[in-house]
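Note that chain A is present in both complexes that follow, paired respectively with chain B and with chain C.
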Partner chain A sequence: MSLRVGLALLKAELDKVWARPILEITVAFMATMAIFMVQPFTEIVDHSKFSIVFQSALAGSVSSTVASLLLPLVIMCGVLMALSFARDYESGLMLSILSVPVSRKMFFAVKFFAVVLPLALLSWILTTFFVGLTFYSSPWLVLQLSFYALPVTFLSLMFCGGIGVLVALLVKRSIPAVLTSLLANFFFWFLTNIDTLSSGGDSYANYLCLTPYKGALVFLNKLLGLAPKAISMTDTLEVTLSAGAFGVLAVFWACVLVVPMFVYFCRRFEICE
Partner chain B sequence: MRINFTRLGLILVILGAVLLFNVWTTPVMQYFTVQGMPVGPDETFAHGLFMAPVGRGNIVVEEAVLMFDPEVGDLVNVKFAIPVHLVVVSPSDIVLVDETIVTPYTVQVNFDERGEYVVYITNMADESYSIPLSLKFPRNGDVVNREADKFIVSIILTASGLTLFCLGLATTLFVNHKKTGAKTVVMSVETFKITTMS
Partner chain C sequence: MCREVIGEFKSVTKRFGATTALDELSLDIHRGINGLIGHNGAGKTTAIRLSLGLIKPDDGCAKLFGFDCWRDSMSIRNKVGVLYEKLAFYDNMSGLEQLRLMAKLKGASDSVVKLRKLLCLVELDEGAHDRRVGGYSAGMRQRLGLAQALLGKPELVILDEPTANLDPLNRTKILELVTFLNKEHNISFLISSHILPELEKICDNFILMNKGKLLRQGKLEQMLSKTSLSVPFVKFVVRVHPVESVATFLEGEECVEKLSIIDGSLHVIVKDVLLFKQRLPLLIGQAKASLDEVKMAESDLETVFKSSVKEV
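Take a look at the complex of A and B:
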């Protein structure tokens, strides 16, 4: 019974969040950003090393496509999450739904995953599509490498959604919540553009690879087996820390806001003003 | 999330249009070159060319290079015209070129499929040389080498998207018209009943 109610609620939430033209705008935004990474790929290599170079180029293409998709993902996730919570609170829909036998836990989980899951899936589908366009001669390798994009994107979106929920539950008004969430996520995304390798191990910029989105992208690169470009700086954290360490970091960032927000929403949050 | 024909069509049109724009505006780079390792007499060196289907291009086997130590005691590159045997094999294992040539030599190849084109160069001279290989595309303003497969995919996406979009619109209009028609009939029957009763 509870599962059936949850599924019905999820279906209604998906209909509401991804109503026309939100899905179309998201696809257009993501496709436009990802297409810049789809360049004609031409290489002359030693025939005996061809498979290694090919795999490296494919992994590089997956990494750059995910990195380019991060901006639209972060913007859409922040906006939709803040809007989803704040609008329901503002319009009184949250109060109405929770007055029927729907638990707060289920309500929170449904609202959260109605935004995060489609975005993660969309990101994976577009990554596979655009990478596959260039490297379709090895479809299994494309599927295998682009699959790494799914958990990394999901964990990044968890953090992004956490910011959206935090802002929405604090501000409680649609437009200010959307704008604040947008700015906060944009700030964290901006840090991904700073080169943390060339700064050296003793610089402050060295620690920026531990920030949420930059850490997730480094995690993806390590999963794909991509070596850092500036190999001379071997003392930087991005080089010295292992893939496992960045994986733990990504899980930490994913949970750091979502878990407290979940507990706060279920136990403390006042739905009636 | 309800995905009907109209929405699916619109999404496909968006993807196709973005891809079409990208393919149209990014031709392949015009010049690639690689120095190659020293190849001994009667030895063969194989280069792998990963190519997109971009149309006609020129494979250039450059002049062979020999590291020479002259009397001054410094190493210099000296270029030689040497005989080599050139074989070019397409990704589908079709031999496109198989001839003995003298460097430098240019051969035109039609790159009509995506994948690895293998270029085998056999040194037929008496000494060991490194034989550079280049790939050149025409610089004429009217010749643009674009990726044909992506172009076709973008056209297919756009066309199928437009078809689905129109189909969805037509279905919606038809269903709405039917509903309106049914409502009118029901209303007419009710009006008739009320009129008869009164």
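Take a look at the complex of A and C:
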């Protein structure tokens, strides 16, 4: 019963959020960023070591593609999430839907995942596609490794979606909410994307790998079995912490904004536009 | 006849920053047709949103069907349909699709045929059912909203300014529909409006509000008796020159019940309209006065409302 209601609402939301040019713009934006990461596999290696080198090159390609997709994901997720919530509040659609027997929990979850899920799926599909351009000879391995993109981008998207909801519920006007969310999301992305090597310092490296997006990328690298690039730093957190620890960190960042916003929306938020 | 009370507000207060939208408002909603009446900004919309659990009262307690409006709003929303002033739909859907979605959300398993019938009941033309809602006119959106409010056999339908976007002909039609649904399907209504004469004819229970406070509530006759005006008489406003001499002539007439001079014009409560209309020109002639204008005063509800606002 309530699953049927949820699905009907989800379909309506998907149609609304991803209406005509939005999906196309998002795919174009993501493809533009990812295409720069396509590099031919040209290493000359000993025959016996080929499969190991091949696999690690493939894993490296997945990692760099996902890293390049993060900016479009963060921007689109922040913008669409803020727009989705603020526009519904402003137009009165939120009022209409929450006046029929639809629980606030379901409404929030549907609106949130109507933005996050398609973006996570897109990032997985595009990663598979662009990695597959180079490594098409072993499609099975490509699928296997690029699958890791899904949980990692999903968790990152929950964080930036949380920023979007926070901004939308505070600002409550679509255009200001979209702009604020865009800036806030870009700011967080920027904070976590300063190059570790050029900035130097172990403590700085430690700080960076605990930040939301960088932490998620380290989690991805650990899942893919890639060694940290900075060989000189042997006792930084990036080296010493396990994949599981970074997984927990990614889940923490994913929930840190969304869960309080969810509780706030369900318990306290007033619809009085 | 004393009707069952299905909802009540008990000194409900709601503030938005510095403005007090509801100020210790207490009211009863009865089974039947309730009219919620007040000027713009009186707090009608706020009261309606509060009753559906969309906003939280700062103070006091609001209940519908025995459920607390804020904490138990799901139980209330199962029994209530609502049409807001501000209409919003999924604009990329057709009217029928929108209605089907809302039916699903309300847990009503109405077939497409039934939904089309509902759209015809609210007089949305057949041709518009499958067109995008984004292209609807204000009146069509209003009808779609009304159909939405009627979905799933509600016990109470709340209409916030339902006639605001409609021309006079369609206003009457909507109000006729309300009466029909109340009689035939036993649906109760709470209708907010600032246009008083149109509600006067159809409501059983009137709730008069001003600046977030309840002025008066009850049946029209009850309220009329409280305001020192008797019901069966018709009020006239006569503008003559000079007023005083005409007043002395009119005083002894048997068709006149009561007479007063307000703002330089004569307010006459008349028992016998025909006789009054015959006598007036003669009396004015006798008083050697000149007549500027004779008109029926405002409707009863307007009289009650205005006198209540003045009393406060």
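Assume the second predicted complex is superposed on the first by the 262 of 273 C-alpha atoms of A that agree within 3 Å, B and C clash if a C-alpha of one lies under 4 Å from a C-alpha of the other, contacts with A are read in each partner's own complex, and residues count from 1 in each chain.
Just so it is clear, a residue touches a chain if its C-beta (ideal position, glycine included) is under 8 Å from a C-beta of that chain, and two chains touch if they have at least 3 such contacts.
The structure presented is a predicted model; accordingly, all values stated were derived computationally and were not measured.
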Chain B and chain C placed together on chain A: clash or fit? fit
Touching A:133 in the superposition: chain B (first), chain C (second), both, neither?
first
Partner touching more residues of chain A, chain B vs chain C, is chain B
Practice item. In the overlay, answer first, second, both or neither for which of chain B and chain C A:31 touches. Key: first
Partner chain in contact with A:15 - chain B first, chain C second, else both or neither: both
Three-chain overlay: angle at chain A's Cα centre between chain B and chain C, nearest 10 degrees, stands at 130
Just chain B (first), just chain C (second), both, or neither: which does A:98 touch? second
Could you tell me if A:41 is touching chain B, chain C, both of them or neither one (first, second, both, neither)?
-> first
Can A:242 be said to touch chain B (first), chain C (second), both, or neither?
-> neither
Who does A:270 touch here: chain B (first), chain C (second), both, or neither?
second
In whole Å, chain B and chain C in the superposition are separated at their closest C-alpha atoms by 9
Chain A residues contacting chain B in one complex and chain C in the other 15
The residues of chain A that touch chain B in their complex are 14-15, 17-18, 20, 23-24, 27-28, 31-32, 35-36, 38-50, 53-54, 57, 118, 129, 133-134, 136-137
Touching chain A in the complex, chain B uses residues 1-2, 7, 10-11, 14-15, 18-19, 21-22, 26-29, 32-34, 37, 46-52, 54, 91, 114-116, 118, 133, 135, 147, 149-150, 153
Per the touch rule above, chain C residues touching chain A in the complex are 16, 46, 49, 52, 54-56, 74, 77-78, 80, 82, 84, 86-90, 92-93, 101-102, 104-107, 148
Per the touch rule, the chain A residues reaching chain C in their complex are 1, 4-5, 8-9, 12, 15-16, 19, 88, 91-93, 95-103, 268, 270-273
